[in-house]
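Structure, as structure tokens:
Chain lettering (A, B and C) follows the sequence in which the chains are written, and residue indices restart at 1 in each chain.
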Amino acid sequence: MAYVDIVTALAVLQFIVFGFKVGQARERYGVQAPATTGHEIFERLFRVQQNTLELLVIFLPGLYLFSRYFNPLWAAALGVVYLVGRQVYAAGYVKDPAKRGPGFALTFLPIVVLLGGGAIGAVRALI
Amino acid sequence: MAYVDIVTALAVLQFIVFGFKVGQARERYGVQAPATTGHEIFERLFRVQQNTLELLVIFLPGLYLFSRYFNPLWAAALGVVYLVGRQVYAAGYVKDPAKRGPGFALTFLPIVVLLGGGAIGAVRALI
Amino acid sequence: MAYVDIVTALAVLQFIVFGFKVGQARERYGVQAPATTGHEIFERLFRVQQNTLELLVIFLPGLYLFSRYFNPLWAAALGVVYLVGRQVYAAGYVKDPAKRGPGFALTFLPIVVLLGGGAIGAVRALI
């Protein structure tokens, strides 16, 4: 399980870094709190962080379920794909929001496997 | 615990479906990323997803705490009420935001029981 | 672990209270759903809730990791610092968004210790 816990910590750290970039962009582009709009690059960085929040909340339960019912090491490996995919997503989105697709797929597919696998494992544990 | 894990997977799946509806609405109503406003129906679907994110983050700890200190089967049953309530909430909100109350109550009340029960159980475990 | 679970319940409860304040402000300042802008005080309360959502999602894994690899009692104590910090943050932000710094630091620093400590513990468990 320690591998899974390290991936958990890395996914959270990645989300924190995305949050810091939003804070930096607030200063650089003069977007005063509480506003969350007003400069295109700020808005892109903000959406990267918000989308990562949405995915973190489904990634962590998926990681846990897959690890519990299948294999912690495979769960951690799928988690590494997620981590790489998020970096690709963030870089693509900031460059051009229309190019966020491939990075999104690379984070979403491992989550589907984690959750689907975990759900199948939980159902099999019942019957 | 497998029942609780299945409810966890279903709650996460429901949130993913709400997210896909936001993505579809982006295309259909021409709301270009990174914008999150610009069309009333898009904004309703977006708020349904965001509100579900807020509740998922309190539902999952509640589910875990109740399951740990009381009964996993009752936790899962309360989770099913939450799942149904969210569907009622989403359908009501999209039709008319003023009608989101009943569905919200139906998701919020089971969360109150899960969290309250879990907290009481944790305090009793200490004394 | 019961101390950690009580802190978990309190952190979730605090987030619920922040959410209720957003709902109240919707009524008081006439910000009709699905809008999330339109009145300065509403926007501040909304950002307090959203920022707390972002931190809750990193606080809970940190609490769990530190508790698992170090000490549940110290994890709970750091969690209490987080809870106090969030109250300071919310009060400061609503009064003046420019004054949200100290409260943010007081919630963010315990999270850094929880996550950093948990990650170090998980790595040490492997080697």
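Just so it is clear, contacts are C-beta pairs under 8 Å (C-beta built on N, C-alpha and C of every residue); 3 or more make two chains touch, one makes a residue touch a chain.
This structure is a prediction, so every number in the text was calculated from the model and none was measured.
**Q** Copies subunit A and subunit C touch; is their interface built from the same residue numbers (over half shared) or different ones?
**A** Mostly different residues: under half of the interface numbers shared.
**Q** Between subunit A and subunit B, how many degrees of rotation does a Cα superposition need? Round to steps of 5.
**A** Fitting subunit A to subunit B on C-alpha atoms yields 120 degrees.
**Q** Between subunit A and subunit C, tell me the centre distance in angstrom, where each centre is the average of that chain's C-alpha atoms.
**A** Averaging C-alpha atoms per chain gives centres 19 Å apart.
**Q** Among the residues of subunit A, which are close enough to touch at least two other chains?
**A** As it turns out, subunit A has residues touching two or more other chains at 53, 57.
**Q** Going by the contact rule at the top, pick out the subunit A residues touching subunit B in the complex.
**A** Of all residues in subunit A, those touching subunit B are 40, 43-44, 46-47, 53-54, 57-58, 61-62, 65, 68-69, 93, 97-98, 100, 115, 118-119, 122-123, 125-126.
**Q** Please name which positions on subunit B make contact with subunit A in the complex.
**A** 2-3, 5-6, 8-10, 12-13, 15-16, 19, 32-36, 49, 53, 56-57, 60
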